[in-house]
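Two complexes are shown next, each including subunit A; its partner changes from subunit B in the first to subunit C in the second.
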Partner chain A sequence: MTWWSTLFAVSPLVVVALGALLLMLAEALGRPAPAADGAVVTDVGSGRAGELGIGSAVVLFAGGVFALSLWMVGPEALPGAEGLAPYFIVDRFSAFFGVMLCLGGGLSALLGGGYLDEHGIDRSEFFPLLLWATLGAMALAGAGDLLTLFVALETMSIGVYAMVGLRRNGRAIEAALKYFLLGGFAGALTLFGAALLYGATGHTDLAGIGASVGTIGQPGSTVPAGLVLVAMALVVSGLLFKVAAVPFHMWTPDAYEGAPTPATTFMAVAVKCAAFAILLRVLFGAFADERVASWGTGWPPVLAVLAVATMTVGNLIAGRQESVKRMLAYSSIAHAGYALLGVVAAMRSGMGQASVLFYLLAYTVSTVGAFGALILCGRRGAEAVSYEDLAGIGRRHPVVALAFSLFLVSLAGIPATAGFFGKLGVFLAAIDAELYVLAVVGLLNSFLGAYYYLRVLVYMYMREPSPNAPRAVPMRSGQVGVAIAVAALLVVWWGLFPLSIGADVTAAGSAPMAR
Partner chain B sequence: MTPLGSALVGLWPYVAAFLVGWFVPRRQGWAERLGVATSALLGVVLIVGLWPVAPAAGVGDDKPGEWPHLLNLLVFLPIVGALGVLFLPRQAPKVLRAVTLAILAGDFVVSLWLLGVPMTTGWHFQYIATWIPAFGIRYHVAVDGISLWLVLLTTLTTPIAAYVSFGSIRRRTKELCFAILLLQGAMLGAFVALDLFLFYVFWELLLVPMFIIIGVWGGVERIKASYKFFLYTMAGSVLMLAAILYLVWVHTDLVGYPTFDYLALSRLSLPRVAAALCFYAFALAFMVKVPMFPLHTWLPDAHVEAPTGGSIILAAVLLKLGTYGYLRFCMGMFGGAAWQSGATLAGIAIGLGILYGALVAWKQADIKRLVAYSSVAHMGFAMLGLFAGTRAGVEGSVLTMVNHGISTGALFLLVGVIYDRRHTREVREFGGLAKVMPVYATIFVIMTLSSIGVPGTNGFVGELMVITGTYVSQSLGGFAKVQAVLAALGVILAAVYMLSVVERMFFGPLTNRANRRLPDLSPREVIALAPLVVLVFVIGLFPNIFIARMRPSVNALLEDYEQSWKAHSEMPDHGQARMRAQPEGPRRKGYPEPPPPRAEPPGAEAGREVARLPTEEDVP
Partner chain C sequence: MSLVAHYLPLLLVFLVAAAICATFWLGGALVGRKNPTAEKLMPYECGNDTEGGRGIRLHVKFYLTAILFVVFDVEAVFIYPWAVLFKGLGWVGFASMSAFIVALLVALIYVWKKGALEWET
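Up next is the complex of A and B:
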């Protein structure tokens, strides 16, 4: 009688998949809504972004509720969950990411419901794509085998490639093509590394690889150390591409800027979090052995350098941007750097993984809110993109400006917001791992970051638009408003009472990464 | 003494108040006369009511009459008020202003309660609540004889600044009210917090409203100035955060449970290199705020661009956070490293703060910039007293903080008055103003004398004590006497630049036509200035009222400072930290206890290492 527990163990994915299928049906069978200006609408199912946005948000939140109930019951209490390992690992880690990804995806869907309609690109394939991509992301967080890893990675990525190019203008196509080509290349790197790993160890499951790596150097071991190192470098590089860590970040600004803002949000939130999940799984499932995971040898020093480079480059370039969307893209690169710092710290500190999880959670809600507020600041034909567009919003639309400020303050890591505790956790973990220099560099970086977040506040509150410039008119959308309200609530709640989820984060962060 | 004699002695303050009221010219309006009389009366009550008496024998530590929620009320009344203001209609600026002033005045009245208890050695009005138990973060607030005066300074000057701002700022009143109230709450919170995390939260929180005040209502270059203000402070404070996290980690390592509490972390004795690094991380954050050369460059810009009210708060309170932070945290937690660096830092404070600041101030053509640079010099005195680490030095330093708040705050207010009338602050635009604005000139001269430190005014007491404290300092070593002499030179330079500007502005022929018909001080301005003028003389003539209340706390702090230095000199350069032994005493009240053993969170590995509870060996 384990079938029901197996079903329950994968229920979050099943719910999302069923919902995606239903939504595709609804989209294919639905009649196009008449356009408001009387224009002829040819695309099947278009003009329904509002309904489809709510529908996908409901599906994703339902998936999140199932993941949450899986968490409440406890994956270790489910006998059927074991049978899925190593292909799909059901543990607190994947359940936690299930909740986080559904939250991020659902909020992005709500943003999409408001945005696509407003900007006249409501071609409804966006929403099934978003659902499938979320499904891929959730599967990725639970992948314990290189095969599932690759399949889930591609499921997630392909959906996002299409979402980026939704707008079909030059810029969006450039963004989609760039993302697709580089993403395909990175996927190939991962696959090549996986093949080499299989060749070196004879395993595709992370636990088996971990065990084989542990025998390196012992008498009788046949595992070639050099090959394992090369393979590890390839796999990790492919994953760092998805994380958008320097030097694999080149695609990020263009893709983020060219994509419709909800797709950008999804990329910044769900794709990044899922990539961090699988990065943690691979590093601590397969490569957790002393020989490849200590400060002297293996990945930690390399990742530490990349973390510092990522946050510094991200912050420095973000400060030079004139487009707020592009600034947020670079800032998301910098945030990947902070989270990577937590990953490095996790090599020696027990709280490292938990700190990464909390960081990602705080980053998710803050980023969704920031992009949502940016969406609300603009209207069709007058999307708020540059700093100039935001001038005077503080007076013309005080609520949106206040919400935007809250999310930026949280991203900057100023106390009494979730983002501050995210940073605090990561730096505490770094100090706990005795990586003092890294902690100080990270803190100095958070100071660098404050500059450009503050700049948005300056434009919103302290500058007036120049008289002849086209003026961004804030749009109204219930869906976007709801998404922002939820995000703001969570930012403040976790900022005042971070320990309300502290034990959960610790539990998720201390699960063994591979079986 | 004869009954008549004692009656005369007992009555003199009332006579003095009467005389003050008598000399207010009749042509002034009733509001103005009322304001002046109230201020004089308050001054008298202050002197009589607070005259230090020998503490009665057997005053224990359980002080009845201390309402534990007093500080909560003080801190959260403005913060809740700020949130409440958001819900008031923007179209009713009068209501907004009245509500804000009422809240600030209420805060001031409540804060007077702090004077009602004898300030014995320990912590007063202490309130502790758990906040984030897993990290050992608590909501821990208390005052002692040092923070008491800074809290009172804050509650006194902010309403004055708000009152003045409401006279000159007419746009976006709602945001102004919100910013001032939030700022007030954050400043008070930073002065009373005894948990480093809580302190850091308030410390960062107050950046945002000040940033808004400078950036929205400031002058032409306001945005640049507000950036500078924010980023300088933030740069210092992230390093402080790194040091705080390191201390917490070391404490956890040693004793087995994490805590951010000041009482516990101040017992840490770090190896010398780590102690020096942590000390400088903290000191940097505070020296930016003070500001000390070469970190002072944000100050003139911020002051010049800020609106008058913002400048007053900035000068009177925000700068004090730097000196207070140094006194409380650097000297209280890294006594050894502070002692060791004292001589060098004192040299910087004198050479590049007091003397250089004075010389630069001398060359300024803009009065506001001049006052801003004089702040650098005055705060140099405050820091010098702390670096000296003697009783006279520290007491003089705390007194100088209060004095500077009063006299420089008042000077900024006066500069704002003339700027509102002429829209220029160039000294050469003025001359002979005493003829058209006699009251203004009188108060300006009083504040100038106070700022210079003429005997009888408040400035004299503070600076004299700092200089004598420097002269006898042990930690400054052989340079102490030279440094005291050089610091005294700074007082002379202060006279040079302040008096020359007074001479050029107020005396001589009235050359500029535009100055012919300037109106004298308005009632609003007189009411705002009167309490400050009264305080100049109250502190100048009866400094003992203030010093007696800070003495037990200063003594306790210095005793700990010396012990910390002794412990520090026995530490190796690298190696294991340890907890310093500390006798039981009133200053240990509220020491964070180890948490009860917690149930493991669900799903955690059974074999994982759990936090070790402290044993007897851990606590010497």
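Up next is the complex of A and C:
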């Protein structure tokens, strides 16, 4: 019965899609919205967001469980999985990202349930959008064909554009418009590159493109090398936009700041991880040949420069921010730089891909936790955004302050947290690939990053709010609390026992390597 | 270059088409007799005199209607090729199209319940 095994192979996506449809119906047919005359701001959140948040989280965790069971069974043992290739590739890589994206999306949904109710944003279409965007992200991680790549990329992006503009204030609209216009432009770049690639090689599947690119320079080859290089630059630029790498990072701080914090979390976590997944697939599926991927020519030197620029620019500007949310936005740019370092290292080191995967996993849980803690630090009308708002949180809300500290320490890469081993893996991969300069630059950068993460701790524990400042009273929310607890547990677990998933990460990382 | 040789016929078609258009248009403009009267120069709109300027503002609701039209019209575009190949696709094709239509149905219910189909609000 290959039919059943095919269904099982795509079950994580099917579960999320069915859940999204059900949630759409539940949202439309459920209790009517309080008033349609623009009076969205009520004293008490209607509670709908809370229910839908739990519903979405359940759906996404169910999707994650299916992805996990797919991992347990082993995608290579499924007879029906082959039939989906090259449009959708079912391997350990996509199963791994299925779990990671469902985790990030599910935790973001929990944050959303708490946040939207607290801030009186009665726009529960947030949750169906989040589910569809997660579906797009999961499809993107499994895309083995330029067509699937583009459709999945847009499915993911369009949902996120709407999530960014959920609040109807000037800043949110500016954020959504910037992200939409630049994102549309980046999507067009990717599509144009894909068209050129098809013209140059006659293939839309990554494996076929890889085989064609491999024939460049051999007698009888009809593949124009220049066209392939241009197409590669275009496709990769579009993807680098989604991971917010310098010089495609300009939209990030505005979009992250203007979006509701759960949407920011989702962008920082799921969108970035899925974009890295497809970046790895494209680079190592289609452009792994010596002619476009050696240290002298092709993408590795370019990406190495971009990785260094990304982490340095991200860290330097993050240190100058007065808004914690903007600081986390720039920090997410810097983290994209570290992960790019791992991507470059993967060119020559067998552990490079695994290091990127572990890095993204550690980054996912740390970032969700940090944004979740930031949500808990403010309440309706007094969202905690600046460092000043956090003054004295250590005394008034000790548990949240402790959790926030843990996640920031993990983002900074201090030992006994998942973030430390994420950075360690990337730097070790760089050393293994004999990219010593890059490893040193990365190391120096992580010292730079520690400054602004620890600055939050200083404000939380050592500063008192100025007497006439509006006191931000922390909110309480069970959902956000659960999300933070799950994230904290994983940060500590992977920080103490990183080897517990070491073999899995290696297995997932080596899956799409054609070489 | 083989690429140029490959697309040369296409280029020729473009050139010939452009030449024919230019010939007819220029021929009419240069050779034809012109005898303009006030009625002939009037912009034609259902036989009536046009009213108001061209820069009128359209209600934003048209935007929603247009979007919905595009969304649900794409459905028909996908169903046509599917219907042509229906026998060859078998039950898998039937199941795929059913899933697609169910998803669109859910979208329709959503749009309906959200009040997007009501003009008078």
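Some notes on this structure:
Assume the second predicted complex is superposed on the first by the 497 of 515 C-alpha atoms of A that agree within 3 Å, B and C clash if a C-alpha of one lies under 4 Å from a C-alpha of the other, contacts with A are read in each partner's own complex, and residues count from 1 in each chain.
One rule holds in what follows: a residue touches a chain if its C-beta (ideal position, glycine included) is under 8 Å from a C-beta of that chain, and two chains touch if they have at least 3 such contacts.
The structure displayed is predicted, hence computed values, not measured ones.
Contacts of A:184 after superposition: neither subunit B nor subunit C is touched. By the touch criterion stated above, A:502 is placed in contact with subunit B alone, subunit C being left untouched. Of the two partner chains placed by the overlay, neither subunit B nor subunit C lies in contact with A:319. By the touch criterion stated above, A:25 is placed in contact with subunit C alone, subunit B being left untouched. By the touch criterion stated above, A:222 is placed in contact with subunit C alone, subunit B being left untouched. Once the two complexes are overlaid on the shared chain, A:462 sits against subunit B while remaining clear of subunit C. Comparing subunit C and subunit B on the residues of subunit A they touch gives the larger count to B. Per the touch definition, subunit A reaches subunit B in the complex via residues 74, 76, 92, 350, 395, 409, 414-416, 424, 427-428, 431-432, 436, 439-440, 443-444, 446-447, 450-451, 454, 457-458, 461-463, 497-499, 502-504, 506-508, 510-512.
Touching subunit A in their complex are the following residues of subunit B: 132-135, 172, 175, 200-201, 204-205, 207-208, 211-212, 215-216, 222-223, 226-227, 230-231, 234-235, 238-239, 241-242, 245-246, 248-249, 601-605, 608-609. Across the complex, subunit C is touched by residues 17, 21, 24-25, 27-29, 36, 222, 224 of subunit A. Partner subunit A is touched in their complex by these residues of subunit C: 2-3, 102-103, 106-107, 109-110, 112-115, 121.
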